[in-house]
Each structure stands twice: as structure tokens, then as C-alpha cells.
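Naming follows writing order (A, B, C and D), and every chain is counted from residue 1.
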Amino acid sequence: MKKRDLVTKTLIQVRFSEVDSMGIVWHGNYIKYFEDGREEFGNKFGINYLDFRNRGILIPIVKIGCDYKRPLIYGDFAVVETRFVNCEAAKIQYEYTLSHHKTHEIVATGSSTQVFLNLNRELLLDFPPFFLEWKKRNGLIAGH
Amino acid sequence: MKKRDLVTKTLIQVRFSEVDSMGIVWHGNYIKYFEDGREEFGNKFGINYLDFRNRGILIPIVKIGCDYKRPLIYGDFAVVETRFVNCEAAKIQYEYTLSHHKTHEIVATGSSTQVFLNLNRELLLDFPPFFLEWKKRNGLIAGH
Amino acid sequence: MKKRDLVTKTLIQVRFSEVDSMGIVWHGNYIKYFEDGREEFGNKFGINYLDFRNRGILIPIVKIGCDYKRPLIYGDFAVVETRFVNCEAAKIQYEYTLSHHKTHEIVATGSSTQVFLNLNRELLLDFPPFFLEWKKRNGLIAGH
Amino acid sequence: MKKRDLVTKTLIQVRFSEVDSMGIVWHGNYIKYFEDGREEFGNKFGINYLDFRNRGILIPIVKIGCDYKRPLIYGDFAVVETRFVNCEAAKIQYEYTLSHHKTHEIVATGSSTQVFLNLNRELLLDFPPFFLEWKKRNGLIAGH
């Protein structure tokens, strides 16, 4: 079975309202850029917020991290690379690399972890069947 | 019947993340300050978002406006005065005055209008009974 | 002299973080969408924030307004039409029309007004020469 | 020398605009809550953004992390505990604990790291004298 490369690239344009008084993008906005990347990934590969929500599953973020390397300024374009991390626990993990669009210099790296809840907000300890099938289809489970 | 003065004053502290690259509060954040004022009003007088929501009524904003007079900078404190405007149509209207906490200079003025929807998002052309009672209790309906 | 149609259309995708607990875009985010439109206009026609800033002129917003017609939900695409309004006073005015991308239904309309300040934040009562030239080039001043 | 306990507690009220379509605070807003805590700490202990800025030093965030334990909903009050972490490298580190105001249950924990830049945005490898003095005054440097 051919494995797809589970990664997307999302173009970001820095908005005026995202820049702080030091003239650079306020650090909290990178969390939004990562979400832009994660949403494009979910849309492309069929595992976005609504794909889960329509099956009665919530996928809240439980952990987020960001390392800032270089500033972004007003008018900059950047690319978020969102990469699916295959983990054995009942979680969804992504790694993010944010780069300048022109120079390809790395601006920031980050990661996020999501868990599965039912609509009563109870933690699901096993992969939901829908997601298990998705992992199989993408060659992410050994023996399949 | 003694009329209460239907107004609240809400203290605002400018956050670092609210200041733009010109060193002043980004204009879109004033809409948030007005909402802070509106929520305090709603909590104090018993007509907040949840008071309506629990009765099956949504109160979305349909009109907003803001006039900017003076800038706010990082570290400034300001006061939002939120004043209920008694209107005869099935709407909720507020007027806002944002002032410097120390100097009392006016920073901005604004207004908002909300309508009533049921949970199917259909417009209600009459005041919901709950709100009609509220208006009576506050001496806002002639003859009461 | 041929007049250019001073209007831009900017595609917007609703972000997850822009949707509120009623499942629709929080009203304050429309101010950001208008700014997205205004920035695209400024970039296309050479009168963006930096074009002024590099000539020692600040162009803060002094008035904003928005009328909300229909909600936007998560995943929606919308188009901001940004139209330059030719006014005789030393101001920059825009009108905005936000529409659903597919249905073309109008979601919101709005407007903004900006003034000219020097770097001491003093109001300029006349058009800056740079902007006067721009208006002439675009056939916006009678007799030219 | 008596050591002060280098910690502040900051009360947060969840804003309507901070809640997402799942009815809980959008995860990116916790970064703002941590900043609220960090600013109160900086104001109380004399090491805020402007204390550095006025000495020609910028203190950008280079690393941030957050672990989410429980959701916050609209109307909740929470407390950010901001604790200074004494580190030997030329950095400023804080740890944050966000708790429900009433139940004291932990909502989230997090951390941030800042570095020192001069106004040319060059990294300073040593503590700025102003900050070294501050550390001495607070008994954070051995032998003092």
C-alpha cells in the first residue's frame, strides 16, 4: 500500500491586526497560524473538526507548544507546514514548521495534541472507529 | 415607581496584545471593550446572553458603530460607560462612552443594536415576555 | 482619462477561532474582515499603511460601522468587496460589502473613515501631496 | 535578606468573544491569560515590558507551552498564578497555573521563556545590568 505523505502547506499573510507594538507578530497569533494549518490538513485528509463532530466526537486541544526563531513583520508571507505525527495512544498529534515564504528561513516550530471526547465530554481511551479506519487507509497501523 | 439609572461603568486595562504597531490600541478591540461593558450591564440588570438563551432566545448584534476620538496606549486604564437606550421596536440598544480613567477625556463613543431570534434563528417581531416584564419593572414602558 | 474602478474583492475563509458559542462568526471579527479588504485595496492601488507611513503620515481609523444581515458559520467562504468613496474632506473612506462566496447573499455591509496625522499625531487638514497625486491619477479630482 | 515570594495572582473573567463553538474558551486565548498574568507580575515587581524598553531592551517570547486540563466556559472566573523561575541563562522564565476561581481546580498549566535583545534586535548573552540588580535585590543570585 502506498503511503501518502501526511503533510500540508498553508500560506499565511500577516494581518495588520496581528502585529504588536514592537512591530512584529504578537506571539499568541502563531497558535492561530498553527490552527490554520491544522484545519487545512483536516480538510484535505478528511479528519477536520466537523468530520469528528458529525460522529459525536469532540477533539479539544490538550497540549500546545511553540518555539520562536525569527520575527514576522507586517506584510510578510509565511508557510505553515503541518505534519501528522503517528502516535499509538488515542490522540491526534501534529508538528508545525512556520517558514518565511520567500527566504524559507524557519520562523517557528510547534506541536499540538488533541484527545477524543464524547458529547458528554468524557475521554475516549480508544481510537474512534472512524479514525482507526482512517489510520488504516493511510498505512499508519502496522500489519495493515 | 422609582426609575433606576440603567447604566454601568466597567474598568478596562489595555492589554499588550491589544496594541498595534502604531503603539495604540487596534481599533477593532474597541468592539470587545463595548462587549465587556454590555456584559457587565447584562449581569447587573439580569438581561445577559444566558438570561435570554435559557428562555430559548438568541440576541445577535445586527448593528455596531464606533467613533474614535483619542488613542489608548499600552498600560492605559479606561472606563466603558454602557447606557441602555429605550426603543420601541423589538430590539436592544446600547450607547457606549469610553473614557480615560484618569483624565476622563473621551476616547470613543459607540452604539450597538441587537434583535431577538428563536432557536431556529427566526426573527421575533415582538418583545419576548421576559424582556417586556423587565422593561415594565424598570419603568421603561409608558403607563406602567 | 480612463477611470479605474476603485474596488477590490478579497476572499475570506472563516477560521474556527472566529466562531462564537452560538456557532456563528463573532461580530467583532467583521472589523478584521473589513481590514483584510482595506489592506488588499491599499496594496493593489498603492495607498496602504506603509505607503503613508514611509512618507511620515499615519492614517488611523476614526469611524467604523457595520450592519449585520446574515450569519457566517465555520467553514464558510465569503468575499469582502472594498470600495473607495471619493470624499472632499481630508479623509479616506471605504464602503464594504461582505457576501457569501457561493450564494452571493449579502452577509454584512460597513464603512470606515481614516484621517491623516503627522508623526506627532497632529491632524492634517489638507490632503497629503502623495495622496492628492494619487487622487488626480485616478480621476477623482474635478478638472483633472 | 528576606526573599519575596515572586508570584502574582490575576483574576480573569471569561469574555463572550473568547468562547468557541464548542462552548469553551478557545485554546489560543490561554496564551493571552498567561500574558495578563505576566504583565501583572511585571507591573508589581518592576520588570514589565516598558521597564526594559525604556532601557533599550526588548524581551520577546521565544518559547511558550500550555497543558490543558479542564475547560473554561462563558462566565467563569479563573485565577492565573504567575511564578518567576530563576534560571542561570540570560532569559526570563515564568510558570503559570490557571485555576477555577471557586473550585480551585486546575484548568491549565504553562510556561514561557523570553530573551533579551537590543534595539537592533541582537541577542544579549548576558543579563542586562538593570535585571541583574533586580535579581540581586530579590535574593536570586547566590552569594548576595
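Just so we're on the same page, a residue touches a chain if its C-beta (ideal position, glycine included) is under 8 Å from a C-beta of that chain, and two chains touch if they have at least 3 such contacts.
Remember, predicted model here, so these are calculated numbers, not experimental data.
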A-B compared against B-C, more contacting pairs: B-C
Longest centre-to-centre distance from chain B, chain (CA-based): A
Interface residue overlap between copies chain C and chain D, same or different (over half shared): same
Computed distance of Cα centres, chain C from chain A, in Å: 31
Gap in Å, rounded to a whole number, between the CA centres of chain B and chain A: 36
Interchain centroid distance [CA atoms averaged], chain B/chain C, Å: 25
Multi-partner residues of chain D (each touching 2 or more other chains): 16-17, 28, 32, 35, 74
Residues on chain B engaged by chain A in the complex (per definition of touch): 16-17, 19-21, 23, 26, 28, 74
Residue ranges of chain A touching chain C (in the complex, touch as defined): 15-17, 32, 35-36, 39, 49-50, 74-75
In the complex with chain A, residue positions of chain D that touch it: 22, 24, 27-28, 31-32, 35, 58, 60-68, 71, 121
